[in-house]
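What follows are several structures.
Here chain A shows up in two complexes: once beside chain B, once beside chain C.
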Partner chain A sequence: MSKSTLCVSAVALSLMLGLAPADAAELKIGAEIPLSGNLARVGSAMNEGIQVAAEMFNKKNGKHTVKVLVVDDESSPAKAVGAVEKLAADGVIAYTGGYGSNIIGPASEAAEKLGKVYITSGGVASELTKRGLKTFFRINSSEGYARALMGMFSEVGIKSVAVVYSTKEATEEVAKMLQTGLGAKGVKVTMHAFDPATNDFKPIVHKIKLQDRPEAIAMIGYENDYVGILRAAKVLKPDIKTIAGVWSLATSKMAAEFPDLMENVSGTSTLSYPAVFTTPEAKEFAETYQKMFNKAPDYLGIFGYVQSKLLFDAVARAADAGTIDKGGVASELRKTKTESVIGKVSFDEAGDNPEFTHRMGQHQAGKVELVWPLEAATGKMKYPALPW
Partner chain B sequence: MNNSVKIAVFLALSYVAVPLALGSNTYVIGLIVAALTIAGIAVAWALLGNLGGMVSFGHAAFFGVGAYVSALLTLRGGWPVFPAMLMAGVGAAIASVATMPALRLRGPYFALAILAYAEIFRILATELKPVTGGAAGLLSIPRLPNVLGLDFGSKLGGYFVILTIVVAAMAAYHLIRRSAYGLALKAMHDSEDATRVVGVNSIVLKAWMLMVSAFITGMVGAFNAHYINFLEPDYAFAGQWTMLAIVSAIFGGYRTVSGPLAGALVVYLVDQLAFKPILPQGHQIVLGVLLGAMILFNPGGMMSMLTAKFLRKEASHAA
Partner chain C sequence: MIDLVAQSLFSGVLSGAYYALIALGLALVFGTMRVINLAHGELVLLGAYISYTAEEKLGLDPLASLPLALTLVVATAMAVYYLISLIKTDRELNSLILTFGIGVILTNAVLMIWSADIHSTTTPWYHDATILFDTLFAMQAELVFAALGIVLVGAVWWWLEKSWYGRALRAVASNRDAAKLMGVNPQLTEVLSFAVSGLLATVAGVAIYTAKVIQPSLGHHLTVKAFIITVLAGMGSVPGVLLGAVLLGVVESLTVTLASSALQELAGMVLFLVVLLLMPSGLFGRAKRRG
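Presenting the complex of A and B:
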């Protein structure tokens, strides 16, 4: 090859390389998520879903690729704010992640100050979408959780329920929805609030056993609370027919880590475990997840996947329109109206997904079977059935 | 180098050089603000420990009370942020009056009693739901204001506010130490009974130290509430506010005025900038090891170690 040919080739190559970024770009997305501290278990599961979403987007999009930068918020509100700022300094366009309304609150306000979109599925307190933030989005809400729990109780004809709930905002909100919703249906509801720092639940369970004598116990808290309540109930054995809760309960991690406590316990879940997938997108998600993490996904992974996929698509559209720096990501997300793996998703002005409804799963022999609603069920609900 | 030159260099570095060098890097400024927040509590803790001779495990109580007072005054009372922050200090000092029965206790008994007070205040904040919002906490607390074109709500503005609080706390620590009260407090360290015999009211002196320490911690708590715009009882009264301050003060040297500040900057920044990227989970263990080593090999802390080295170097030059 002559020198001139080499020169021409080099110039052509450099021109091609120089032009390429104008069309295709690596889009940096930040994931602020608890990977240590008391929310590490749920945070890790959500993070797996985020990674799967990135892998699938990069394989499919063709034009753009996303790079997810992850920072552990250590389950702390102040560290979450620090994580958001660090990711901004690293050049991210928007954020996905977050778990716990008390952490998502300050983290999303920090994102708003930076003018960047923050999307989550980890915080359902209604206060989050009442702050008038322009860049906050979430794919779930507390109503969806309360509706699912009430639906399952109505299905089996429960007449009395003792609600044991943490006094945190999101948990208290769901508990009050249960009180109102079940009360309207003629169900006798007794309420038992507990401080988030509580770890001995025997006094509450004892009171339920001797005073309330309900047919069911509803637990509205977080993983450590569920474990504490179930341990106390296993010791005191109240005469109930079923025990159920909401988020972070009907998961494969809980089944694997607390097999002696989880049997026959129900919780909100969009998926059975091991999951049965029907749509092509869901099948691809499950295959990718299995390939990346050598296990089947659970619902937390699904939520992480859906929120991230919607964000990546919106960022790509904004990049195409050249509006990333002009609030384009938020505008594109607001245009979203799609049928996702967790059902319909659209966003109202406050960033909430009004279409969200949950399902109920029950731990059965190390698996999670969807038991409500009947049209989505993968197994029959065991009732009456308890972990002891 | 004499003391006034050292102070001038420190002020020039912190008020001019740091903002000029790092002002555009909001992440690093954010980390420095977090470190200074801990430094503020550490200075207050060291003041009580060194001058008052009292080891407190419950400074989170004053931090939380200050944070809530300021947040509520601004959110519900419509107060401007800076006056509310001053009232937060006053509120924390008043709260410290409630802990004064514990002044009769000594050593570990006092430390544990103050820890119990922190828990009591946390439960009060949780239970006084109509006022504090209960466990749900308070969102959208007003940010630091814009005054005469200076936006204190920005990262850099927040840096100047917390830096000023810490510098003022250090100045107060220094002035008290140099005063007659400081001498009396020092004498109390050697023998409280002997000091009382010569007419020093040790209980009153200790009470003043507790109030000053609580005032500073309350101001820092208020700053934090307006800086991250969020508050809940578990966060406001978290043991981490006390533990990190103690670790910083001991690491830096709580018997020196600058030790708690130096300790907080090193402990927090090294942890977040150096150890966390290497060990994303469990990075705190490295700090634990370093603190253990410091206590074992140089109980006086980092600043006393550096001062001793500096003095040795000067002595060898003089020789």
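Presenting the complex of A and C:
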């Protein structure tokens, strides 16, 4: 064999090895997520983050690729269990997704029975991590939302708060945490539960105005609830100093859709808007998201991305170690200790992320400025300040 | 406390008028054709989304979008009627299944076309406050559509009671064959009933888009609410729809003020059960004759 033939053969062989490594694998991951029903919006946004995570993983990881199989759980607990089982039959290794604690509960139990990891950011009820499941993980929790809201109220020295909350599991839990946490600090707290079907909040806000007379209103609900409460408050104009809420409130979407209601309203937020991405990973995420969906990412997309990225990395490590079928994915996730786009992430024995603390953003002139904690702030908190 | 209760009653009446607007179309079809259109809420929703698109893309005020919304919703209502008319046996039961299926298809179509985001009008005037007697507060949109609801209930009542077509509609509902012998075209009157129902759904949709928040999964809730009011009212009773709707609105509102908002849906269902227990034919329904 001549030298040149040997060289060509060697290059060809190396190329072939490079293109198809002996132990490379396509790793199937299931995404059980609401794409229709009343959680369709949040589910779709989270799914976008999952797709971005897959795209970035496949681009970067030279050895493995992930294939995400998506099944719509139709915002229904029973359908979510069916989705988990269907995905298992399709050969997925683990699950990412899920929205709503009442849906994630049965879905993650089905995953546990199948011995597969289930990771989410869509259910914050503390009950989820008290079930002793070995395969359940989440990157956020109720405490992180409640801590942020209480932190903001403490910073401005609020003495009394009226908490208006939906009777859904996660919202009720955050509301009770606020009641306990603020009460312990000597803040007077009044509680107003509302049915998720409520669409006229004037009677509640009127009670707050005439009976409670608080310095602040805390809204623990979802987008449509916030709009209803803020409209009622704008009509009745209670004598308060600030109004704040939790998820889905301090977002670009709310700023664009309801500019007349949002000014000076605060809510939990991972990012300012327009978002400022500082780390290389966050910048790459934002660029990929923009390229794939032709829009800037929102917080749901970011959570979907982070949970999926951590899962893909853990699955890849387990695949390298040959432990996928021996509980290796859960073990690898438990070893996770990383600085992510949403802050520090690690998992305790229950699968919770004890490091999670949210930030507070405030709508200011069509933008969302991070106003708490001070070290993450991109703007100064306006206080006292109201949307009317 | 008096201020609280007065505001609560006022809010309840406004909510009632808005509920009546949603329920009227369902009650009309139920009363005249004995068909429970389980896709009615989705027709209302379609009207709301067309109003949203007209405002977003054409810059039209929600009320100005009514003709466009009316055309599309009535056309859809006609398509629903056409499908129902294909049912040859056991129409009351089979139409339930059919319209439920149509409702699911419409919800998913709305989701695919408009995505799952929430929307509401961006015209601030509708959300400005109106204060009556220094103590009663409402949004302008609530007052506009409550008034429109009452006017439409009156108009539908007058149309059914006084006009030839209204009488023909009632004749077909009462005895299809006898009506035919009197020269009434049953199919035409049923088409008319569905067309008017589509018109009412459109106005209700525009009202919801203006005063509340819309999202694709809302249709089902609207149908349930409309159905409760229709049964409360008594089959075929138009004034009963208004009374039933206001009663429901006031009970829900007072429950929020005097107890808790968490109990308002429960209170509405208790009212529904109590009325059915004491007046099985509804508030204005005719009791069945014996023998």
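One rule holds in what follows: the second predicted complex is superposed on the first by the 366 of 388 C-alpha atoms of A that agree within 3 Å, B and C clash if a C-alpha of one lies under 4 Å from a C-alpha of the other, contacts with A are read in each partner's own complex, and residues count from 1 in each chain.
Here is the rule we go by: a residue touches a chain if its C-beta (ideal position, glycine included) is under 8 Å from a C-beta of that chain, and two chains touch if they have at least 3 such contacts.
A quick note: this is a predicted structure, and the numbers were derived from the prediction, not measured.
With chain A as the common reference, the superposed partners chain B and chain C clash. Of the two partners chain B and chain C, more residues of chain A are touched by C. In the superposition on chain A, A:195 makes contact with both chain B and chain C.
By the touch criterion defined above, A:167 reaches both chain B and chain C.
In the superposed model, A:155 lies in contact with neither chain B nor chain C. After overlaying the two complexes on the shared chain, residue contacts for A:223 are found with chain C alone; chain B is out of touch. Contact with both chain B and chain C is seen for A:36 once the two complexes are overlaid on the shared chain.
Looking at the shared chain after the overlay, A:88 reaches chain B, while chain C stays out of its contact range.
When the shared chain is aligned, chain B comes close enough to touch A:77, but chain C does not.
By the document's definition of touching, neither partner reaches A:320: not chain B, not chain C.
Comparing the listed stretches 40-48, 94-102, 238-246 or 256-264 of chain C against chain B after superposition, the clashing one is 94-102. Overlaid on A, the two complexes show chain B and chain C touching the same residues of chain A, namely 36, 40, 167, 195, 197.
Those residues of chain A that touch chain B in the complex are listed here as 35-36, 40, 72, 76-78, 81-82, 85-86, 88-90, 102, 105-106, 109-110, 125, 127-128, 131, 166-169, 172, 195-197. Taken in their complex, chain B has these residues touching chain A: 25-28, 30-31, 34, 122-123, 126, 134-137, 139-140, 155, 224, 228-230, 232, 234-235, 240, 272, 276, 280-282. In the complex of the two chains, the chain A residues touching chain C come out as 36-38, 40-44, 75, 167, 192-195, 197-200, 202-204, 206-207, 210-211, 223-224, 227-228, 231, 234-237, 253, 257-260.
By the touch criterion stated above, chain C contacts chain A in their complex at residues 3-4, 7-8, 11, 14-15, 107-108, 111, 115-120, 122, 124, 127, 129, 137-139, 212-213, 215-217, 221, 253, 256-257, 260-265.
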